[in-house]
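Next up: some structures, all given as structure tokens.
In the two assemblies presented below, subunit A is common to both, partnered first by subunit B and then by subunit C.
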Partner chain A sequence: MRFYEYEAKTLLGKQGIPLPKNGTANTPEEAARLAGEIGGPAVLKSQVLSGGRMKAGGIKFADSPDEARSAAEVILKLEIGGQLPRSVLVEAKANVRKEYYAGVIYDAVAKRPLLIFSDMGGIDIEEVAEQHPDHVARMHFSSLLPLSDYKVKETIASIGVTGGELTGLVPIVTRLARTFLQYDLTLAEINPLAQLDTGRFICLDCHIDMEEEARDRHTALLNELGVKREETRMARPPTPFEIKGAEVDAKDTRGVAGRVVEFDGNLGLIIGAGGGSLTLFDAVRKHGGKAANYCEIGGNPSVTKACELTKLILSKPGVEKIAVMMNVVSNTRVDIMARGVIKGVVESGYDPAEKIAIFRIPGSWEDEGFKILRKYGVEYCDRSVSMNEAARRAVEKVKKG
Partner chain B sequence: MPSMFIRVDADSSVHSNAELAKKLTEICPVDIFAQNPDGTLRIVEDNLDECVLCDLCVEACPPGAIKVVKLYEG
Partner chain C sequence: MSILIDENTTFIIQGITGREAVNMTRECLNYGSKIVGGVTPGRKGRDVYGVPVYDTVSQATAQTRVDGAVVAVPPAFAADAALEAIEAGIKLIVIVTERIPRKEVAQLIEFADMHGARIIGPNCLGIITPEKSKMGGIGGPAEDTRKAYMPGPVGIMSRSGGMTTEIASTLTAAGLGQSTAVSIGGDAIIGNTYADLIPLFEADENTKAIVIYSEPGGPMDAQLATYLKEKKSRLPVVAFMAGRFMDAMPGMRFGHAGTIVEGRADTTEEKIRRLNEAGIAVAEDISDIPRLVKERLK
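Moving on, here comes the complex of A and B:
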């Protein structure tokens, strides 16, 4: 779940990270008033969730309230990445001496948060890491134990930052890392983290993403920021297909059959269980398959729910076959899934034996499920066939037509 | 669409027994049973395929009075 920049800055400000004087405007007049209150040069930034604002003309500078009004007029009507801005952030323009980068992400391989720091800020950190690896410091830290300032200090100092700069940066970067932990974030990034002419450090731009599953743990913060429950906060608005997928999931409380993401391939995916969705999606891609969608199944969805999801996926133009694949399931029943998927295929007017490339859901009630699959002539396999192999077989079947 | 996987056969003694019909309506976890206005048993066709094979209905009735038939067997 992504935050708008103004929300991210509100959160960082609450955590004691210094920010430029700023405010949000929904009209050109408000922008002019804010610029007047700033009392000097200002920068106006479109509040959209997608990137590429500068290139798209969504960031403009103004030396006076009149210029701010004109800039806001343009920005408020400017669509970026298919989104109109929610508002315009009007901020005091900073006199920057040097730009740094500070970011925290979750390293899923190491299963720990990773702090990344660079003394080359203002540009993509990936570019810096590739071209100037000696200017990037990294440190994994515990998500359970308290984070010590000195560990952050060691990390920043490891690329040669010393003296007043080191002293000024450590508390800001430490607060950023603690914010990451406190609010279950998946990304907390300040870029640039600027040193002003005065020597002071300030957050000029930031990106913050929160773990979707953690929303309920942070309702106080989300209410304070004005984030509504129905806001998906993805980088792009959901497609009609994805909205229908969410409706299928919401209609029935039994289990999960949702998080549908649309792609433009020909293999529909009904996947899930214990990280199975991501693993299987990657496996399909690895074998050269083109997924029509991503989704997550789990928690024993009802026959109706599995049926409706199947029908939705099969209704997508270009879908030639579907692959029904899950990790070993314990609380999802194989026979219930088999019933739901087969029913969905039949109700869509297709032959399950033709339309289902493979059914690989091993686990509870699998013998009962396999009886159903045999009856309808569907190719299935148990846990002796890996998820990777099942994905390969599905891709091969689609290629054969 | 008619059920594809499950059929429930209840004999006439179950259908006409309002008390048993009430019990079946209460115990079925997926609402396969309902009562008609006169208290007799009604089988909700739309929910048959949701049957989780728990056999609570079979246990609630006299032996052999209700049968859950798996249409994919045999």
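Moving on, here comes the complex of A and C:
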């Protein structure tokens, strides 16, 4: 889950990392007042989750409260990456001597947290790593043992940073790495980490992602930041259809029948499991099908859950038929899926034989499942028909109408 | 023969009295697996299909030799359960549980490394050596498992538990059996990646080819490609890459927790390029896999 810049800065500030004087404004007047309090040149930054704010015109400079007011007026109305800003961050403009980079991620190969540091900040770190590898230092550290300052000192010193720069950077970077572990973050990045004309170090911009699965463990922090439970912070906000999908899944704890993502096609998909859904969605696209949705069935969902998901998908305008497809299942029961989907189709007022383009779920309890499908005249297939072929048949049926 | 497990492997199931774990126990026993105990705190003295239940892992290890543990407890307690098994000296830990935060996964992998233990998963369906043993829900009920899996020369490693069985079933239908199939887990950090496990397959003379299932996100395919290039592996590898549609949808999460496109290296296009560069054939369709494997077995 991505944090807005102002939230990320609030967290880093709490952890003792120096920040420019700042505040968030929701109106041009508030922005003008904040600029007045800062009492000098200010920078105004659009609070959106997507990158590329500078290019999009979401970052502006102001020398006076009046200039801040007019800058905020523009920024607050400016959509970036399809999103209006949540607010505008008004910050004291810094006089920068040099920019550094500090970031922490998990390395899935080493399976350890990884600290990355560079004395070439302010630009994309991947670019620096490719073009100037001698300016990038890396250090894996333990997630079990406390992180000692000297490890960070060695890392920063390894690319030739010394003097007051080294001693000034070590505590900030160490705090960043500790914050990463303390709050179950999956990305903690300060870029640029700037040295001011005065010699002081300060965080000018940062990116922080928190582990979705760990949100419950940090409710105190999330409440303090004002992050609401329902905020998914994905690349785009959830649609009402997707919110209903999440409700279907949450209502019943047995198995998974959800993770619905909306698309604008005419073929409704009831697919699973995790990997199977990815494979089947690809297959539908490959055969020129237009999916109305993505979703995932997993574990052993109840008849009710499968039924409710079916009803939700059939309620979506433009859905002509549904395809019910999974990989060979181990936990999910074919008969329960068949019963749930047929119930959902019937309760929506349709004929299962007509509405279900294909049912391809082979595996446990398949004989019982196939019996039910035969009874309702639904076209089904067993494992001898590949996932790809099942998807092709479904797409063909929708095309024929 | 096989890797990781065979007919002599003994294991326990942590969280054995949970609904899904009870099913898993029955299915594994029916398949011939040697389950020597189960752990659920407060339930000592009971049994699940004749398997004795203990309060702690060390009570089980005091009774009998335990080679492995399946962790099937809710996410809030899963890391603790794995630590308990490692501390008790168990060397193979299969973590079925989904939604364990990454930090805890990293912690228990680090702890396992210190103790010479191996973690498979989290968020996986386990391991199967056809007709010998299965450890975890992989394949489902025993009769379904026998339909999908048979002994033979192909090793399988898959990020998706369900797709492990789909691939095995396709291979079996084409007359290609499996040495061992490992559902390695769908999380962003897992105990053993493709490259971590391939040396075991390499050392197993019965394994003649490898099939992997992969997805967007993570550096694990690149790690495998590098390994194969550097070590000049004897094993031909055939891959299947799902989630190609995600390349155009950065920042959206589909499928498993580890499946997200955050940079160019996460896209299927880039992953396929790297795999091809390392001489790995990437199948366009699951049903092409048997042919690609047979061509490479000659």
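Rule of thumb we're sticking to: the second predicted complex is superposed on the first by the 248 of 401 C-alpha atoms of A that agree within 3 Å, B and C clash if a C-alpha of one lies under 4 Å from a C-alpha of the other, contacts with A are read in each partner's own complex, and residues count from 1 in each chain.
Going forward, a contact is a pair of C-beta atoms (placed from the backbone, for glycine too) under 8 Å apart; a residue touches a chain by one contact, two chains touch by 3 or more.
Remember, it's a predicted structure, so these values are computed and weren't measured experimentally.
J.: Between subunit B and subunit C, whom does A:304 touch in the aligned arrangement: first, second, both, or neither?
T.: Only subunit B is touched by A:304; subunit C is not.
J.: Does the superposition put A:361 against subunit B (first), subunit C (second), both, or neither?
T.: Touch partners of A:361: none, neither subunit B nor subunit C.
J.: Contacts for A:371 in the overlay, against subunit B (first) and subunit C (second): which applies, first, second, both or neither?
T.: In the superposition, A:371 contacts subunit B only.
J.: According to the stated criteria, A:296 is in contact with first (subunit B), second (subunit C), both, or neither; which is it?
T.: After superposing on A, A:296 lies in contact with subunit C but is clear of subunit B.
J.: Pick one for A:327: touches subunit B only (first), subunit C only (second), both, or neither.
T.: Second partner only, subunit C.
J.: Report for A:336: first if it touches subunit B alone, second if subunit C alone, otherwise both or neither.
T.: first
J.: Let me test your reading of the model: by the given contact rule, A:346 touches which partner, first (subunit B), second (subunit C), both or neither?
T.: Only subunit B is touched by A:346; subunit C is not.
J.: Which subunit A residues are contacted by subunit C in one complex and by subunit B in the other?
T.: none
J.: Taking the complex as given, what residues does subunit B use to touch subunit A?
T.: 1, 4-5, 30, 49-50, 52-53, 70, 72-73
J.: For the complex, give me every residue of subunit C touching subunit A.
T.: Against subunit A, the touching part of subunit C is residues 20, 23, 75, 99-103, 105-107, 109-111, 125, 137-141, 144-145, 148, 158-163, 165-166, 169-170, 173, 186, 188-191, 193, 195, 213, 215, 218-220, 223, 240, 242-246, 249-259, 263, 285-287.
J.: Under the touch definition given earlier, write down the residues of subunit A that touch subunit B in their complex.
T.: So the residues of subunit A touching subunit B come out as 302-304, 333, 335-336, 339, 342-343, 346-347, 368, 371-372, 375-376.
J.: Hey, which residues of subunit A end up touching subunit C in the complex?
T.: For subunit A paired with subunit C, touching residues are 106-109, 111-113, 126, 142-144, 181, 184, 186, 211-214, 217, 234-236, 259, 261, 272-279, 281-283, 285, 294, 296, 298-300, 326-331, 362-364, 383-384, 386-389.
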